[in-house]
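Shared chain: subunit A. Partners: subunit B in the first complex, subunit C in the second.
And then the complex of A and B:
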């Protein structure tokens, strides 16, 4: 786990990791969220709607931002204060995602880092773009 | 930028941050006057103000502010010095 302080960060600094979405993750997210919507749970329904398979929950994909900031950028001192996310393409079980965060703004007065987030799939297509607002623990 | 223009822009920022178009700022407005104005919203406000006015404050400058009027004075003073 990284442990950057605010002072150790600079604009443009980035971290990334890869993760493959599994059926177990979908099951866990269903349990946590209670979201039984068929788009995420019924393969036939999703295909009828024009998708290749059932679609991974957008918020499951978004949840990888938690690891990005809590483990890598800044890591241990992270105090997540806000997240914005836009979903650009569907994610399917088995997709391997690359989650990348880049420091976009540093506000010294309030010790907040604004981190631009891009999540791409194995075909280098962006599936999510977003922003994380991060404060710092002592 | 005149002080009146600074106050008008601050009012727009406050309305956006608190998602409340009914906010009308005066020089005396402070955190006791807006129910949702807590420490996290204070950070959101400062970041929005820095981005809108294109200036950065230091920690001491913003921690000493007692009300919106003092914030407007700080913005005026920093813009004059730039």
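And then the complex of A and C:
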């Protein structure tokens, strides 16, 4: 786990990791969220709607931002204050995603970092574009 | 599950549900996200940092927006396009949260609804303030 202080960060600094979405993650997300929507749970329904398979929950994909900031950038001292996400393309079980965060702005007076987030799939297509605002623990 | 079409929605329309955060949800979220940050996993560390207990992942609390839009508002036809969340107060395991969505704007030309989201705890304190942008399936 990284452990950057505010002072150790600079604009443009970047971290990334890869993750493959599994059926177990879908089951887990259903248990947490209670979102039984058929787009995420019924293969036939999703195909009728023009998708290749059941679609991975947008907020499951968004959850990877938690590791990005809590483990990598800044890591241990992270205090997540806010998140934004836009969903650009569907994600399917089996997709391997690359989650990348880049320091966009550093707000010295409040010791807060704005991190630009891009999540891409194995075909290099952006599936999520977003932002995380992080403060720092002692 | 609700099944509102775009035409059936009106500004000010609201839906809400209650959910109690459990240890199982925390375990599940760790499995999905891979976020091993001690603030969410080490009671002693969290208390040293001035919290009452281990803090629930912000993005776990955000996950409840998935049910809000996918099951209730608009329900079956929901196509989540984007989410924003600001974390206002810590959430702990055992907290009972009320998740409320209210239609804020309806964009007729693109058939998209902006939904204001408030999540409050059992002491009526707002823990999350956010927004969801939803489109509609066929």
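In the analysis below, the second predicted complex is superposed on the first by the 138 of 138 C-alpha atoms of A that agree within 3 Å, B and C clash if a C-alpha of one lies under 4 Å from a C-alpha of the other, contacts with A are read in each partner's own complex, and residues count from 1 in each chain.
Here is the rule we go by: a contact is a pair of C-beta atoms (placed from the backbone, for glycine too) under 8 Å apart; a residue touches a chain by one contact, two chains touch by 3 or more.
All values derive from a computational prediction rather than experimental measurement.
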item	value
Partner chain in contact with A:81 - subunit B first, subunit C second, else both or neither	both
Partner chain(s) touched by A:49 [first = subunit B, second = subunit C, both, neither]	second
Partner chain(s) touched by A:108 [first = subunit B, second = subunit C, both, neither]	first
Partner chain in contact with A:23 - subunit B first, subunit C second, else both or neither	neither
Partner chain(s) touched by A:96 [first = subunit B, second = subunit C, both, neither]	neither
Partner chain in contact with A:122 - subunit B first, subunit C second, else both or neither	neither
Partner chain in contact with A:37 - subunit B first, subunit C second, else both or neither	second
Partner chain(s) touched by A:67 [first = subunit B, second = subunit C, both, neither]	second
Subunit B versus subunit C as contact partner of A:59, first or second or both or neither	second
Winner by number of subunit A residues touched, once subunit B and subunit C are compared	C
Footprint overlap on subunit A, comparing subunit B with subunit C	81-82
Subunit B-touching residues of subunit A, taken from the complex the two chains share	81-82, 105, 107-112, 114, 133, 135
Subunit A partner contacts - residues on subunit C that touch it in the complex	1, 19, 24-25, 28-29, 31-40, 49, 57-60, 62-67, 70-71, 75-76, 78-87, 137-138
In the complex, subunit B residues that touch subunit A	40, 42-44, 46-47, 50-51, 56-59, 61-62
